[in-house]
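Just so it is clear, A, B, C and D label the chains in written order, and each chain counts residues from 1 on its own.
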Amino acid sequence: MANKIRMGMVGGGPGAFIGAIHRMAAEMTGDIELVAGAFSRDAAASKAFGVELGLDPERAYGSFDEMFAAEAALPEDQRMQCVAIVTPNDSHKPITCAALAAGFHVMCDKPAAGNLEDALAMEKAVKASGLLFGLTHTYTGYPLVMEARERVARGELGKIRRVAVSYLQDWMSRESDNGSSKQATWRSDPARSGESGAFGDIGTHAFNLVEFITGERFTEVAADMRAVVPGRSIDDDGQAMFRLAGGGVGLLSASQVCTGSINALKIEVYGEEASLFWFQEQPNTLTIKRRGEPEQVLHANTPYLCDAAQAVARTPAGHPEGYIEAFSNLYKAFAADLRAYPATPEQPAYATIDDGVAALRFIRASLNSSANGSAWTALGDA
Amino acid sequence: MANKIRMGMVGGGPGAFIGAIHRMAAEMTGDIELVAGAFSRDAAASKAFGVELGLDPERAYGSFDEMFAAEAALPEDQRMQCVAIVTPNDSHKPITCAALAAGFHVMCDKPAAGNLEDALAMEKAVKASGLLFGLTHTYTGYPLVMEARERVARGELGKIRRVAVSYLQDWMSRESDNGSSKQATWRSDPARSGESGAFGDIGTHAFNLVEFITGERFTEVAADMRAVVPGRSIDDDGQAMFRLAGGGVGLLSASQVCTGSINALKIEVYGEEASLFWFQEQPNTLTIKRRGEPEQVLHANTPYLCDAAQAVARTPAGHPEGYIEAFSNLYKAFAADLRAYPATPEQPAYATIDDGVAALRFIRASLNSSANGSAWTALGDA
Amino acid sequence: MANKIRMGMVGGGPGAFIGAIHRMAAEMTGDIELVAGAFSRDAAASKAFGVELGLDPERAYGSFDEMFAAEAALPEDQRMQCVAIVTPNDSHKPITCAALAAGFHVMCDKPAAGNLEDALAMEKAVKASGLLFGLTHTYTGYPLVMEARERVARGELGKIRRVAVSYLQDWMSRESDNGSSKQATWRSDPARSGESGAFGDIGTHAFNLVEFITGERFTEVAADMRAVVPGRSIDDDGQAMFRLAGGGVGLLSASQVCTGSINALKIEVYGEEASLFWFQEQPNTLTIKRRGEPEQVLHANTPYLCDAAQAVARTPAGHPEGYIEAFSNLYKAFAADLRAYPATPEQPAYATIDDGVAALRFIRASLNSSANGSAWTALGDA
Amino acid sequence: MANKIRMGMVGGGPGAFIGAIHRMAAEMTGDIELVAGAFSRDAAASKAFGVELGLDPERAYGSFDEMFAAEAALPEDQRMQCVAIVTPNDSHKPITCAALAAGFHVMCDKPAAGNLEDALAMEKAVKASGLLFGLTHTYTGYPLVMEARERVARGELGKIRRVAVSYLQDWMSRESDNGSSKQATWRSDPARSGESGAFGDIGTHAFNLVEFITGERFTEVAADMRAVVPGRSIDDDGQAMFRLAGGGVGLLSASQVCTGSINALKIEVYGEEASLFWFQEQPNTLTIKRRGEPEQVLHANTPYLCDAAQAVARTPAGHPEGYIEAFSNLYKAFAADLRAYPATPEQPAYATIDDGVAALRFIRASLNSSANGSAWTALGDA
C-alpha cells in the first residue's frame, strides 16, 4: 500500500523473538510497511530471511551498513524512512549512529544501550540529527498504564508516597541455562548485554514504568545486585531502594532467577489520596484504592478511561488486548510523529532518548551503589 | 508480498467493528493479504473505504455481486482466493452462496445464518461446492481453549457430568439502547439478525464453546427466552438446561441486558476425574481442579501445553495475547487449509458449516422449547 | 457465667462436624452457654461425650426425651432455655415438636426437614407454640451477604432480572464414597436425608441465599435432577431454571459430584441498574458492577457497609472472618431474640420456619418438575 | 468447666480491640477459661469491665500487681495459671517480669517490647523463670502459613534466593488521624509504642513471618524509615533490604500511611526449585509455583496439607476460617505446652522470647541503618 510509512529492520532474524514482535506490532498499526532489512550478521542468512518475509530480494541486505547506503540512494518516495533496531544492546549505539547519519529515524529496542557512555553518545547523536528516536518500553503501550499515568497527572493520587515495582522472571534460574539459547547467551554476556544483566534487561522496564506512571524522576538509589547462578559475571538478580524527585520512596527488584515467575511485572503506587495497582499478567485491568471506600477495578476499552487510553482501543470492552497490541501502540505513536516530522512531538507516547539515558543512569547508579555497600547514590552523579 | 493468500471482504465498512477485527486478524497471520472488498451497501462509500484501506481502487467494488464477477474474471494468480463475510446475519446465505458459486472459499462471521433454514441451504451449497467454509467462533482460537479441548479429548476429565456456560453482556440493557447504534439496531431487528437476538448473537458462541471443548453434541434443550427491555421483538436474555450426547447435563445463559457484565463468557466443565474453568476476560489462564489435590493454573505459551496450543503462541510465556490473536488463529488455520486445498482438512481448527448448522439447530430448538413451556426439545428435531 | 443463655444440644456427638461448629459458633457469641446435651442415639456415648465437653454429668443425657423432661423439671433459672438440633434431617420434626412441647426454643440445622409434609407439621407446631425457631442457613450470616441484601433492598440494583446460583461440591463424586462416612451414609439415605440429596442438603442453601438477598420468593421451577453415581437412590446432582415473584429468572445448580469443587457456593444477581457477586470461598468481599463504570470491590468490616454488616464485625477491616463467625452471627441474632422474648422479632437475621417451608416447597416442586419432564412447576402447588 | 486452663488478662478493656480478639481466640480453643483480669489502669473501670465479662467480681482486679498477688494466694487448683498481656508495648516488660516473678506463664501481644533493651531484660527473666512465654504473631497461626513453613523445611523450594514481604495499612494516613483514637495515640507515641512506629507494630509481623516460613534468621538490613505524616516523631512508613543467614536476600516494607491498603500483608518466597505466595487478605490459599509447570493453589483444610496444618482445621475444606481462628491456634498450642509443663516444648507453634528479641534486633538494626544513610547493619550488632 503506497502511502504507508516505509520501515527497515536491523536484527530480528530467525529465532529472535523480539524481531517478530516488532514486525507484527508495526504491521498492526496499519500504517507501517516493512520494506527492507538486515536481519542477521550472516549476510546470506539475512537475505534468505528477508525473502522469506516477502521482501523485495533487492532490499534484503547483508549488513546494516549496506542497507543504510543502498536505501539512502533510492528515490525519496521509495526509500525507507525509519529503521527498527532489534539487536543485542551492545550494537544499539553503532547502528543508531549510522542510521541517523544516513538520515533515518530510529525505533530501538530497550535498553538504549549496554552502558551509560554509549547512551550518552547516542543522546548526542540524536539531538544533533534532529531525527526521531524511540525506545520500545513496551509496558507503557498498555491502555491501563496510560490510564494510570493520567490518574497520577490529574492529581487523583495526591503526592506520591511509596512505590513498589518488581519484574521477576525465571528463565535463567538454572546453571544449565547458561548458553542454552541465543537469548540466554547474549543476555548474560557483558560484551553483548552491557554492564548489567537482569537490571539492564528488565530492571530498566521497571524503572521506566515508575517514571512513566508517576511522572517523576528517580533521584537516588541504594542497590544490592548479584549473580546468583554460578558461571555468570553480571547480575541475574537485584534489588534497590529508591527516592523520587517528589519525595516519595520505593522498592524495585528485578530478577531472571525467581523460580515460578514467568514474566511477573507488577507496580503499586501509593499516594496521599489513593493508590493504584497494575500487573502485566492481567494487563486489561487497573485497580484503584482509596481509604474507607470500595476498591475500584477499571477495565480496558471502557468509556470511563482517559482519551489516550481510549484512543488505542482496537476491540470492544471486555475483549482483552495483549502484548503485541501494546507494542503496536508505541509504533502507532511513532508513526504519527513521523508523519508530523519535522514538527517536534509534544509528549511522545513512547520512550525517548532522554528516558533511555535516564534508565542507564539508573543502572550505573545501581551498580555503583551495589559495589559500594549499597550506599545511597544519586542518579545525577552517574 | 506475492505469495500471500489473496482475500476479499464483504461488509466491514466504516464504523463496523468486526470487519476491522477480521482484517487485523487476517493480516496478523502474515499469510493473508486483503486485495478486494465490497464494504458497504452504498457503492460510493464502499469504494472510498477500499481506497482508504490502501486497496487498488479497481478492486474496491460497489457490491459483492460485482466483486465476485470481476475477481472471477482476473487471471488465476491475481484474483482473490477467498472472501471474508462480515455482514449482518440475514445476508450470510445469499453472499455465501454467491461466493461459492463464483468459486471462492468463504470465511464467515458467526452465526452461520439468521435461521436454521438458511443455514441448511448454506450447508447444501458448501457441500456441493467442495470449497472451504469457516465460521469465526472466536473463542476457540484461544490457546487455552485449545488446551481445554485437548485435556478433555485425552480423557483427563473422564466422562463429562456437568457444564456451566454463560455469556452475559450489558450493552443493550436499557430502552434507550434501542436504535442507538448500527449494531444495536440490526441486532435487535429480526429481519437482519434472524429469529433470535441474544441467543443467536452470543448464545451460539456459548453453545459452540461447549461443543468444541467437550467434543460432544447437544442432544436436547429446555429453554426459557424473553425480551426483557421494552420495544424488542426478539430475545435479549435467555437461559436453558441442556443434555449432551455423552450423558452430561448443563446450564447455558446468554444475555445482552445483564448490567455490569461487559463481555463475560465463562465456561466450567466437570468430569468424573477433573474439572476445568476458563473465563474470556482472563483468557491466558486455564484452571484445572481435581478432588483432593491442589488446583492447577495453566498459563499460555508455556512448555506444558499441548502442541496445538503451543503452535499458536506468538509471544513468550507471561506476555498475554488477546482477542485479535485468537481471531487470527482461526484465519491462520483457514489459510493453512486453503494452501492444502483441495485436500480435505482433517480437523479444522475453526468452526465449519456443520458447527454452524448445529448452532442454528440449538437456536431453533431453544425457541421451540421456550415457546412450548420450556419442554425438553431434541436438537435433532429442529 | 451466670447470665448467659443456657442451651442444650441434640446430636453432634463424636465425629459429627456440624455439631462442633454449632458449639463454637454459640460460644463465640459470648452470650450462650452449653449446659445440656443428648449427643448420640447411644446413651452411654452421649453421656461420655457430654462429660468430655465439660458438662455437668447430670446434664449429659441419654436421649432427647430424657433431656427435655429433666430440664423442664429444673428451676427456671437453671434449666436450659433453648436447644440446638443438629441431627440428620428425618429427625428434625420429632425433636423439634418434642422440644417445643416441653417449652424450649429451637435452633435447628437446615433443611427444616427431610420432606415438605414434615416441614409443614413443624410450621404448625412452631406457630402454635409461640416459641422461637431458627434455621442455620449459614451463608446469610456473612457480613457481605447482609450487605448484598441491603443493597438490593435499598433499590441499588433496580428490578432484578437474572440470578445465577450454584453450590457444587465433590465429596461424594465416587462410587467408593457410598457408605464411606457417617455423613455420606445418611446424606444419601432417603430414610435419613429425606426425599432429596444434593438439592435437599445444599440446594436449599442456594435457594435460601437467593431469597435472602433478593427479598423475593421463588414462584416456579423447571428442574432436572438425577443420581449420577451408581448405587444412589436420591439426587446427587441437579439443576433448575426458576422464576422470582418480581419477574426475574435464574439458574440454580447443586451437586455433590462436581469433581474439584470443594465447597463452591456462588451467587450473581443482575438488576436493571447494577449487579452483585459473592463467592463463599472468598466471603470477605462483595463485588458490585454497573454499566460503564469501574467495578467496585467491597471489603468486610469497613465503614461503608450497612449497619447490619458492621454490627457483626469482630475484627478490624482487612482481617478476614470466616465460617464459624458467620454461623455465630446467626446464634447471636437468635440470642438477642431470645432475650427479647416474648416480643416478636421484627426481621430475624436467621432463617425462620417460613423460610424452611419455602425451601422444602422448592425441593418438592423441583422433584415434581424433574419427574415431569422438567415442566415448569409452581412452588405454591407443592 | 473445671478442667480448663485458667487464664488472667492485663489490658484489653473497653474499646481495645486486641483484648477482645485474645479472649475470643482463647475461648475458641475450648481449653482455656478467663478467670481473672486487670483490664484498665482505672481500677473502677477494670472491675466493672470484668463483671461485664461475667468474671467473678472478686477476680476483676484494679491493677496487675493486685491481680498477681491475689491470684498467687489462691489455692493451686483455683488460681490462674497464665496471663495474657495485651497492653501497649512499653508496659510489656514490667508486667511480664511481675507475672513471671509471681509464677505465672505469659502470653504477650507482639512486639515483645518497645525497645531492644526491654526485650533483652524480658528474655533474661523468662529464661531465669523457666516459665512459658509466648508472643502472638498472629499470622503464623494460619494453616497455610504452617504449610508454607513445612514446604520450605521439607526442601521443596530449595535454597531460598529472594523474599518479598510487605505489610501496608492506611489507618494513619492523614494528619487528622493523630490523636483520633486510643490506638492511633499510643501507637505514634514513642513513650508507649517504643522507638519505632510502623516497623515496631507491623514490620515485626512481616519480619517474624519471613523467619517463620524460611526458618532462617535475618543477618543484615539496610533500612530507610521516616515519618511521612506531619506531627509524628516515629516512623509511620519504612522499607529495608535484608539478607538471610542462608544467603538469600529480600525486601521488606511496612507502612501505616499507604492509602487504600486495609491490612495488606503479603509474602513471596523464591527458592531454587519453587516459590510460594501468601496474602493475608485471602489466608485460606497458598500458591506454589515451579518453573515450566502449572502453578498450584492449595486450599485450607484439605487432605494434602501437612499434619500441622490439618491439625488446626476446625471446618471442612472450602469453609474459610479467619483471623480469630488463626489467633486461637496460637493459644491452642500454648495451652498444649502449658499442660505438658514443665516439659520443654519442642518447637512451639507460637513465637517465643527468642523470636521477640530477634524482632527487636531487627527494629534496632533498621533504626541504626536508617539513621546511618541506610548502611548495611548486622542484626547481631544491635
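To be clear about the criterion, contacts are C-beta pairs under 8 Å (C-beta built on N, C-alpha and C of every residue); 3 or more make two chains touch, one makes a residue touch a chain.
This is a predicted model, so every value here is computed, not measured.
K.L.:
Looking at the contacts, which chains touch chain B and chain C alike?
P.N.:
Both chain B and chain C are touched by A, D, going by the contact rule given at the top.
K.L.:
Using mean Cα positions as chain centres, tell me which chain lies farthest from chain C.
P.N.:
A
K.L.:
Please compute the C-alpha centroid of chain A, do the same for chain D, then give the distance between them in whole Å.
P.N.:
One centre to the other, that is 43 Å.
K.L.:
Quick one: report the Å distance separating chain C from chain D, using the average Cα coordinate of each chain.
P.N.:
35
K.L.:
Would you kindly tell me how far, in whole Å, the mean C-alpha position of chain C lies from that of chain A?
P.N.:
56
K.L.:
Quick check on chain C: which residues sit in contact with 2+ other chains?
P.N.:
Answer for chain C, listing residues that touch two or more other chains: 288, 295, 299, 302.
K.L.:
Could you list, by residue number, the parts of chain A that touch chain C in their complex?
P.N.:
Listed in rising order, the residues of chain A that touch chain C are 288, 292-299, 302-304.
K.L.:
Note which residues of chain C are touching chain D in the complex, please.
P.N.:
1-4, 17, 20-21, 24, 27-28, 30, 53-54, 169, 262-264, 280-284, 299, 302, 314-325
K.L.:
In the complex, go through chain A and note every residue touching chain D.
P.N.:
Those in contact with chain D are residues 157-158, 161-162, 164, 166, 168, 170-171, 173-174, 222, 224, 226, 228, 237, 239-241, 249-251, 253, 255, 257-261, 270-275, 288-291, 295, 373-376.
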